[in-house]
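Both of the next two complexes hold chain A, though its partner changes from chain B to chain C.
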Partner chain A sequence: MTGITSEAPSRPNVRFRQVGRPLTRTDAPGKVAGRTPYAGDYVMPDMLHMRVVRADVASARLVRLDVSRARALQGVACALTAADLPDRAVSTDIPGQVGRKRLDTGQQILVRERVRYFGEPLALIAAETRDVADHALELVEAELEPIPGVYDPVEAMQPGAPIVTEPDNIVAERRIRKGDVEAGFAEADVIVENTFRTPFQEHAFLEPEVGLAWVDENDVVNIRVSTQVIEHFRPIADAIGVPHNKVRIRGALVGGGFGGKEDLTVEIYLALLARRTGRPVRLEYTREDSFVGHGKRHPFVLTYRTGVTRDGRITALDVRMVADSGAYVFLSPYVLLYALVAAPGPYRVDNLDVFARAVATNNMFTSAFRGFGALQACAAYEQQMDEVAKAIGLDRMELRRRNFLKTGEPMSTGFVPPSAIWTDRCAERAWAALGEPTPARGPIRIGRGIGCYQQSYGRLTFLHDTSEAWVGVEMDGTVVVRSGVTDIGAGQVSALGQIAVEALGTTLDNVVVYNSDSAVTPLAGTTTATRALYMTGNAVKQAAEAVRARLVERAARAFGVAPDDVDMGFNEVFVAERPDRSMPLVELVRICGAEGIHRSELAMFRAPFTDFLDPETGQGQAHPDYAYGAHAVEVAVDVDTGEVEVLKSVAAHDVGQCINPAAVEGQIQGGAQNGQGYALSEEMLYEEGRLITPSFSEYLMPTAMDMPKVECIILESRSGVGPYGAKGIGEPAMTPVAPAIANAVADAIGVRVFEMPITPERIVRALKRRDGTGRLDSPA
Partner chain B sequence: MSNERTITLRVNGREERGRFPAHRTLLEALREIGHMEVKCGCEKGDCGACAVLVDGMAVDSCLTLAWTAEGAEITTVRGLGDLESLHPVQQAFADGGAAQCGYCIPGIVIAAKAIIDEHPEPTEDDVRLGLSGNLCRCTGYTKVFEAVSEAAAVIRAGRSGQ
Partner chain C sequence: MYAPFELEMPGDLAGALDALAAGRDSKTVPIAGGTNLIVDMRAKRERPDRVVALGEVGELRGMDFGAERISIGGRTTVTDLLRSPEVAEAAPSLIESARLFAGLMVRNTATVAGNIACGSPAADLVPPLLSLDADVTLASAAGTRTVPLDEYFLGYKRDVRRPDELITRISWPRLPVPSVNTFYKLARRKGDAITVTGVALTLCAAGGTCTKARIALGAVAPIVLRARQAEALLEGRALTPALIDRAAAAAAAASSPIDDVRASAGYRLHTVEVLTRRLVSRAWDRFDRQGDQGTAASAAVPAHEVTAQRRAGSDGRSA
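Presenting the complex of A and B:
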């Protein structure tokens, strides 16, 4: 079920023929026919099979590591430990097309002396068969002497806590100060303070990390790998000690990413062993490897203190955040920055103080995950809005209405987002679409909740992000696009094709997009940060429109009219309003070919380049722009068992301009599922840093039995900074879902569970506590 | 490897031979002989990415030993239809935007085929139950549900039209 509302008029001379239509994605037929090769489907003659030997404790000193028995096993080609490597580290921070120097965020490639997290790699094995590699794994002897670890970020900040990262475990600290918070609280009639906790989350892409590497005739290490970021060729080259042009990443269509394939996964291990053995090597993680082998979503503890007047005006907000960074830095400073900037949500707060810290522990390292810190902030600010409404006895929608940030108003960092802010209409539409309430019966209580959000699209502007694309028209009128962008399942490639054929007057079946090869496709940057459509979409549009301009100019001469009077569509070139005066596109292309008119273009799109936010006040521009919207749900809660069923799930987002509505809906519906699992059932349980839920039978994602049909309401303000006014939807789709569910559960049972996931046990406990004390559950 | 045996597997109507040890799963065996369309998501029976039809029943090939599949009729997603001749289930998934990353899709298409074979007019519960062993992390299932209903309708219409 979907409705699309385009409320702003489109620019006058733009008549979309391809963009905005729910076309069958170019990648769909191959995928449903089982013809699409993923990175794990490539094999080579003489290929070796790899495994990674991992530490089975989270904090220890490596006393002895003996791989001699593994090496001696017949069929083992290589067993590598840190002793065999020069003492190189691998940088773990911001990847991609970055114009600024990276932070020093080194991680050891293999454990040298100190194990910092459960599953940290100790050794690499390559063998003739997977069976032999599996066997060799068991022959590696590691003597690990436990060292006291620290597993809670708040404890890790206490004096005397074990030190994971020198000098004090604090890996990042950021602040926003705006207005006069003291005066704001003095002005308030009521002050509401709550602490919210959000959990680890596993990306759980269905395709585990996998790759195949070989050294070619030019001594270039080629790595065919499932990744969101082909620009990792640079840190890989640095880590193995070769020049950057001696590593080539060839992607494939990715079997799901969600941020989990943004960091390096198997690449360095593959590169090392391909060079060491001189043979192709393949490494596919088992599901358990995947659970312990890549970073998770940062758990946050967020304390919100809100000052509000009786009539519902927020006068001050003070926020304290602590994020668990785990054993290595990875993207923690950036995730923290997103959370910081997002702290007040889509609300106008003039007196603001936010203080956020990311702290090292011996837990699994944490890094990028759809929503990237802004989602954790949303989980807190939207629950807090409901609590504030309750405290002053105001309707929770009304409280939101009275405080929504409006178009043209400054956000937390003082920056005025350049696009329309339609949180209000999205919220009204989503809320209304819930329709008639489902009646309660017996122990089943019904509740409703809403989550509104602000989420950036595009990378941090101080990173100076760029993206390149090449577009050309072949002699038969077909179109070729080359761009390094990776397609992680959202239809990134198909959308680029749609943009190119829109500009070049042809149809989607007439374009081939070559992507994801660091050596031969122009580098487009990462498919992360909801940036692929914004950045690479703009680059493709620029390139395609440059080619179009030359074609149109030639056609105008042929028709004897001005170029502005020429239009193209469905493989025809014609005089606008005079379709009888036309010629086939292929004919025009032939003329251009014969006359040497350039039929291709390489374009670079640049995001706004800014300096870093003011270090004292956090004021300035952080991102190119922001997306706004809302998610509303209705839930049924069984107060005897604590079971929650999501009955209705409705999303309303202003996507700026849909490129492919079906793909947009798909993103929204997938985000609804991802957020529902985060709110209710997905739980990574660690004991002293050891993950005890490393499978899909223990880590519970919503299945076909759990998901309601998700209704999508798509609004188009055509005001975004992406192509044709598009914004982004990848991350926004998920961000507001979990707090909407948390608010609905609280609405149903009259008591809030302040910690996600909101499991049946936690619900029953909260109800018992309330009934035992006669008071509502109060935060710790 | 001592305990190896050459077996014949009947896959998508063709006989294919391979030499496998007793512990080799059908998933591994199929991929070893080139059926890369069968996907591995967990090797534990938790995700359904590896589902194939064995004598018409959808099974997790990672939980089936290759030796035990000898003599059975095995159908993978490629056995249903190809690019130029998609099966109605595949067509409905493609047209309905039900495939995102697509990694779960070979298994889900097989599960959908089994659902429709058993329930030509599947109820929502039939569809949900039939897909309960297939995890998808991208779609939220909404478009998958719609595609299964659409495919069932197309298949019914095709039958009654004949």
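Presenting the complex of A and C:
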């Protein structure tokens, strides 16, 4: 019962009965009533409480680590250091269904000798109570001898820079070479060059990392954890030295992921101490732990050099990118690849040279974050488009119109995306929706900006992504779906339910989806990369349609018509256009049960499998497909104080096909907020690698008071490679927001701030520099 | 999470003062809303042995609106301020501050006395109260005294309050008519943010001259302070743009900000100057326009008009 079903799936419903409607999500009632348990709500008898002891410097040699006083404290069950562990690294590579592993991306579990970033774990404590664990934490003595570190990726590339991990600081290097860039620049009337900087960003999920682990009667380590990726059981097993089938991840509904729970977080620590103590152990990060406990968004330095003709045709583009990978590799090479592929944006650029490097520093390690490198590229290319338009005196929208990539045209890697490219429609709709401009008043200037984007959905095709789902119809006509997919709050599970009940002729209240258990639910792959709907949605659709085909075939015999004439909906099975000839779904299911007709199916959906991009030219296929859209904003800027207020925020995205428009809108609203914070206020400040903004009183996300009403325009090209032509919206919703805001601020004040976040202070500095009215000097 | 401590919950003021007097030898602190103290205890910046909770002390609540003076209890919460039309009339700057104070949950429990007693230069209720010439009443088991708020702070997180004293009341005189009383909080976001620069202003005028000026600056020095030189420049004169510029420069000169994660000292100096200029000239324009008819109640001059309108529009969420 594996693989694609051999039977031909039936035609999908012509008329949607469940899909495309803003139905109340299956996860909503439990959440609203507070009944839904999150990973942190699980407790067990005899459970121990853990804490992680962390380094308080970013670059040092561990001279001495003494946990004896902590061990001696009454109530401490275990204090573990690297000395107690075999010298084994944890793979930080993408845990693929194919289990590929690159050893050189490994991270030490606990510091053995070298501290490479602020907060790197030194020791683990397990105690009878949380208070005792807290106390024990203070009794651990660590002698750390500082080693010169490097905290800037550009400096880290210079000869003589401190090396974070041998042999050198270049973690990854990627290139696209396409057409003839020199000829392209020769053809240009104007060449525009700018360097843009993007910052670290914290995922700031409501629910910090948390988990509970225990060893069961089969010697399996069970871990109940808040994660986006249950497939981590493999690297966990490798790291603790047990077979893969001896680790089981049981997820829970996740209180926000955004990429921050894509890597391992607390799992290995839990697994180690559960095995060592033989007791259940629970570890919940404090907010301060969370700030230093998971990888951040990569800061990028991006230099764009664009050749353009007077009439606005881009003739050549040269892009240099440097990404700060922090102290460990994690997903940097992949993030870099996304940025590389996205470098020209949703524009046709035939002469293209992109050179991208990820560089190690002693900063916090960086990894996945909503937008995954493509977002940083967008932050630069959309600002550059405005600068190019300004340089040739062409309207910003017109420059974009003249260069938009069109359906059927090849993108940066030479690949032709299989779906519709509706950037133009989205951009026009979003721009028009800004309506009448707000009048400027005194020091308050008004500006507008747009960001257009290209963002992949689905994982890199050379990773050979697959997803499995099981769908069955119970004897009373209700539906069960089993799939490993994790639900990180975007309604992933509910969407699968909607797809299953669409195919099986019933309603959303008649389905239960079991998910997120690596031992019991068929593995669906990660909830990352805007892939859950695309991959698992297709798998569920495939499985449900296989079951539907068998039910319909039996019904057709009962009605004496051809299977194509049978339709199902709202728990009735009927002859299409002849509703008088019908039977209840439950009746049909009973017949099938009595006759042994198979009422369930396990399906696997396979994304396109490709080779890696050509290493020299970067040409080939990188992703299954791409999403396109735009975000437009209007801002008010106080030119005296530099304060920015976002007055209007309009998103227009082609999502292919909405499964649940209310959930799509939720993603768009959240993306608008996430991107606004990234553009304007969220800032992680480090001093010699030490985070000095480790709390929400310093790390400032926009509040309800800061957000305008976000207008959502949802377009449906029905052309995507997801179920029913769906694309994806999780990441795209955020990608274009920050450059739209940056462009609006530049439009308002006539000068650009090239570094995000665009703080009031940076605005005042930029204005003073332009006006020659002095600098913001500190008092002598 | 916290170091262990004893909790006392006296039922009246006498009980609270006795508990504080009894605790003179140990580290005993009062707790009101706890929105500063709990944060500090959790971070282990404060490790009290005994905590005296003021939640049941009724004498610390209640507001009095006399003909001459307004007096509010130390346990008045920020939400209490926002719900009071009398406070809106008697202290527009306090309402402007309260509206942008923290978020709803904190406003419901954070108190005026706690805001003063925490001694932070970024305490948002202090510049408005300073601009209103407020007095603070301190009580202990031994007796009661009243000190001008202006003399309350001695230095960064240092004040004249003895550990056995409580702030029982805060009072200020009614504003003359016409006058403008206003506050501007500049922060890195609108909701729930620590102030980068706060400027409170009271301006009174009669017969075309400025009769009284109070300029109080938040978050730009070790304590909330008055820009006395700037005030002196304005008082007794008809204000001109040049004079206002000089006063704004004097306000900046009175500040001694530091660089921190929110802003540089240079930016703070710049904004003290910009905001002082803006608040004073708008207040003065208002007198001009209204021919000295402005009243305290109607005189809350928005410093940032586009923003102010939107904030007013979002009152339902914020207040």
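By our rule, the second predicted complex is superposed on the first by the 752 of 780 C-alpha atoms of A that agree within 3 Å, B and C clash if a C-alpha of one lies under 4 Å from a C-alpha of the other, contacts with A are read in each partner's own complex, and residues count from 1 in each chain.
Throughout what follows, a residue touches a chain if its C-beta (ideal position, glycine included) is under 8 Å from a C-beta of that chain, and two chains touch if they have at least 3 such contacts.
Bear in mind that the values here come from a model prediction, so they are computed numbers and not experimental data.
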Partner chain in contact with A:S697 - chain B first, chain C second, else both or neither: both
Chain A residues touched by each partner, larger count belonging to chain B or chain C: B
Touched partner set for A:E572, first chain B, second chain C, both or neither: neither
Partner chain in contact with A:D134 - chain B first, chain C second, else both or neither: second
Which superposed partner A:D350 touches (first chain B, second chain C, both, neither): neither
A:S681 touches, of chain B and chain C: first, second, both or neither? second
First (chain B), second (chain C), both or neither touched by A:E187: neither
Which of chain B and chain C A:E643 touches, first, second, both or neither: second
First (chain B), second (chain C), both or neither touched by A:M705: both
Those residues of chain A which chain B touches in one complex and chain C touches in the other: 131, 697, 702-705
Contact footprint of chain C on chain A as seen in their complex: 130-131, 134, 438, 441-444, 636, 638, 640-641, 643, 645, 647, 681, 683, 685, 692-693, 697-698, 700, 702-706, 759-761, 764, 775-779
Chain A contact footprint on chain B (complex, rising order): 1, 21, 36-37, 39-44, 46-47, 49, 76-78, 81-83, 86, 90-91, 93-97, 99-106, 109, 127-129, 131-132, 134-145
Residue numbers on chain C that touch chain A, as the complex places them: 1, 103, 186, 188-194, 196, 256-257, 259, 261-267, 269-271, 274-275, 278, 304-307, 310-311, 314, 317-318
Of all residues in chain A, those that touch chain B in their complex: 22, 24-25, 27-38, 40-41, 131, 203-208, 253-258, 284, 286-287, 488-491, 662-663, 665-666, 669-674, 695-697, 701-705, 707, 709-710
